[in-house]
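Shared between the two complexes below is chain A, which pairs with chain B and chain C, respectively.
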Partner chain A sequence: MTPGRVRFALAALLVLLLETLCRFGVIDRFAMLPPSEILWHLGKILTSGQMWPAIGKTLANVALACLSAVIAGVILGALIHRWRALRETLDPLFAAYYAIPVYAFYPLFIVIFGLGDFPQVLIGFMLGLVAVIVNTLNGLDRVPPVLIKTARIHRFGPVQTALRVTLPFAVPYIFTGIKLAVAYSFIGVIGAELIMSRTGLGYEIGYAYNNFDNAVMYPLIVLVLAIAASVNTLFFLWEKRLIARRRR
Partner chain B sequence: MTEVHVALRGVTRVFPATATQKEVRALGSIDLDLMRGEFFAVVGPSGCGKSTLLEIIAGLNSPSGGSVMLEGKRVDGEVPDGVGVVFQEDASFPWLDVTGNIAFGLRPSGLDRFEIAARIAHALRVMGLTEFASAYPAQLSGGMRQRVCIARTLVQRPRVILLDEPFGALDQQTRFLMGDELLRLWRETGATILLITHSLDEAAMLSDRIGVMSARPGRMMEIIQTKWSDERGSRVVATPRFGEITARLWDLLRAESTRAMTGVP
Partner chain C sequence: MTQTLRTALLVGCMMAVWQLLFWYAGSNALTAPLDTIVATAQLVSSPAFYPHLIETAKAFAVALGIAISCGILIGFTLGVYRFASDVAEPVLVGLYSIPKITLYPIVLLAFGIGMPAKIAFGAIHGVVPIAIFTLGAVRNLNPVYVKAARVMRLTPWRIASRVLLPGAIPEIFTGIRVGFSLTLIGTLLGEMFASQRGIGHLLIQAIGLHNIKMIMALTLLLVVIAVAASAMLLAVDRRLRRYAL
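Let's look at the complex of A and B:
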């Protein structure tokens, strides 16, 4: 058996175990529904269409947070890499950045920006941004000097050198940052929705939880898992295709 | 071969002292005329400033004193038009296929599509890369990647080609074959070639003239005329003249190389 099949079998086995435990009452129905019922409810929720606005809103905010973190992160990374003094000043701050619980700022953001989408997107953006910057810097550090000399031979300016030589070289490293930004955007947006918001998947999960509505809460959790896993898989395949040609 | 193409007058290079290192006088002073269309090789002990000399002519490095004139214009820390450089290190771009690598410098130059396609097809053909047009550098050997870099330089139609130990990382047989190809390109393009090499055989086999540099700070100790015809190739290694040239080169370099190796002035 291939490792992939072993993984699949393991997951299937765990689900089956959960199903059995739930069916025989070892796990109380108030604590959890059997997986088969969760899927059935999920199907019902999706076909009824009642959750589509929440799903759409959450995905749009995640995409916005992730995209802005990637664009800003790559541009800031390239700029910071050019200014040595700035780099030396910021490096220790980057290292300490993830020790800061970004959610601590969420109430402040709501006070400043109101209870709209913006504070949630901002949390996702802040979580992802530094991961992209750090990985962009890491990639730019590895550009061989001979490629930079080649850019000079072609009489490229700093912007052309970045766009045509150094950033393309750094793509595999930037990709590591992008994957982290995707994960952090999901965490940031859904987490913020769960804490305080009026719509979105995180809000709906929280609402169902407060009303002991397991028939909604568990299916939505499974839905979030499925979305995150699918997006992750897509990025993994894309990355594999991009990098395959670069090392053989 | 009468017109001066590149003229160096009193060129020196001093690397100023840093926190960890004393001032280094790397080069000079050097006076040298490269004639239009000639093949000039530079040999010298390691660390004698050969690569610094090439970088100064290419405009990648500024001289501390003296001047470099290319086609009558002063070169100072900026890469002049019509100069192509091939380095020893692999300078192919791993994210571009062979065609993309060769076309790299053509896109911003404002040529039309047909001219670009024609130049790329020609460069692929003369470098024997046609079959590998859509291969990526990771799929190619070191020698093939160096051909890609030479092809990338050729499509720009440089009038001066500067080669910094381009075959340094290749094995002896491949070096000889690449040398023959280089001669063919030289005859075909009529470009002025400056070849930096640590291989005395390569210098003796390929060049019209060979400049022999001293240990640091590098100066031109002697310039040797090889007197080969333009139709020469790697077969000259079997001639007595080849032996005379390499013997003379080694005579000049033995003492200098010992100095460079032991650090005794």
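Let's look at the complex of A and C:
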């Protein structure tokens, strides 16, 4: 048996176990719905269309946060890499960055920018940005000197060298940063929505929870987890293809 | 330029940006750096704050203890067996990247409001990275060590405790460093939703009351604690790596 099949079998077993526990009343209906019912409710919610605006808004914000984090992260990474003193100054910040509870800034952003989409996107962006910067730096560190010398022989300017030689070389490392940025954008945006907002999937989950509406809460949680997991898997597969192509 | 000077420069620059932001956004949005430092000092020295601080510290300590012991146990057990680690690693990485904050209603339904829910929420955040790092550390250990141990007829238990664990410690510690900050975030998030006490609760209360001075003071306090702890752990981490084989 391949690891993939074992994983699938284990997941199926777990769902089956939950289903039995719920059906026989070991887990209270008040605490959790059986998985089959969650799926049925999820289907109902998706076909009724009432959640599509919330889903669309959350996904758009996640995409915006992730995209801006990746673009800004790669550009900043390339700049910081060129300027040694700046890098050595910023290194302690990067090392300690993920210990800072970024959500603690969320109330501040709401006060400054208002309770719109922007504070949530900013949280997702801030969480993802440093992961991209750090991994871009890591990739640029590994560029063999011979490539840079070749670029110099061809009289490439700094921008051209970055775009055509060093950044393409660093792509596998940058990809690690992108994957983290994807995950962090989801975590940041949905977390911020849960803490305080007026729309979006996170808000809907919190709203359903406060109303003890398990028939909405569980399907939405499953939906969020399913979306996040499939996006991550897609990126994982894309990365694998990218690396395979490079080896050829 | 020495590293201390650079760090001082970095802190100075951030204070300057903060001050500029204050001038731009006004006192309705945030407080000035100096005022915030004074407010934080007042907060920390006020007796009413201590129960909250102790509550959070207690929840965090227990959550971290659970995250470290469970994380190492899970990672170690899976890492020893090649096939088990092949099966489990993508699952763990997947768990790491899902927004665990959406699980908080489930945690609350399972544990109720209060200390256990906070602890569970903190531990959920911290356990996965520790397990991932431990798994990787044990699996990528030089096979020669285990072969040598087998030649010396060490029992499996002694191989684990005398060879695998010491060899994996530097990497495991990196996992603990990552897990430390995530557990802190998880505990605070748990307090924001599921508690009547603790720093997270004070924060969400201040948000509700639009108490900017309190929000800023708490944020500064959290950042200082988090950065100090992380700098300490990083120093230990680098030391361990230097002495590693």
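What we mean here is this: the second predicted complex is superposed on the first by the 247 of 248 C-alpha atoms of A that agree within 3 Å, B and C clash if a C-alpha of one lies under 4 Å from a C-alpha of the other, contacts with A are read in each partner's own complex, and residues count from 1 in each chain.
By definition in this document, contacts are C-beta pairs under 8 Å (C-beta built on N, C-alpha and C of every residue); 3 or more make two chains touch, one makes a residue touch a chain.
For clarity, every value in this text was computed on a predicted model and none was experimentally measured.
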Touched partner set for A:85, first chain B, second chain C, both or neither: second
First (chain B), second (chain C), both or neither touched by A:35: neither
Partner chain(s) touched by A:144 [first = chain B, second = chain C, both, neither]: first
Touching partner for A:183 - first (chain B), second (chain C), both, neither: second
Partner chain(s) touched by A:155 [first = chain B, second = chain C, both, neither]: first
Touched partner set for A:101, first chain B, second chain C, both or neither: second
Contacts of A:228 with chain B and chain C, given as first, second, both or neither: second
Between chain B and chain C, more extensive residue contact with chain A: C
Common ground on chain A, meaning residues reached by chain C in one complex and by chain B in the other: none
Sites on chain A touched by chain B in the complex: 144, 146-147, 149-150, 152-155, 160, 164-165, 168-169, 171, 245-248
Partner chain A, residues of chain B touching it in the complex: 58, 60, 78-79, 83-85, 87, 89-91, 93-95, 97, 104-105, 108, 136, 138-139
Touching residues on chain A, where the partner in the complex is chain C: 3, 6-7, 10, 30-32, 85, 88-90, 92-93, 95-96, 98-101, 103-105, 107-108, 110-112, 179-180, 182-183, 186-187, 190-191, 194-196, 202, 205-206, 208-209, 217, 221, 224-225, 228-229, 232-233, 236
Chain C to chain A touching residues, read off their complex: 1, 3, 6-7, 9-10, 25, 28-30, 83, 86-87, 90-91, 94, 96-106, 108-110, 178, 180-182, 184-185, 188-189, 192-193, 203-204, 206-207, 210, 212, 215-216, 218-219, 222-223, 226-227, 229-231, 234
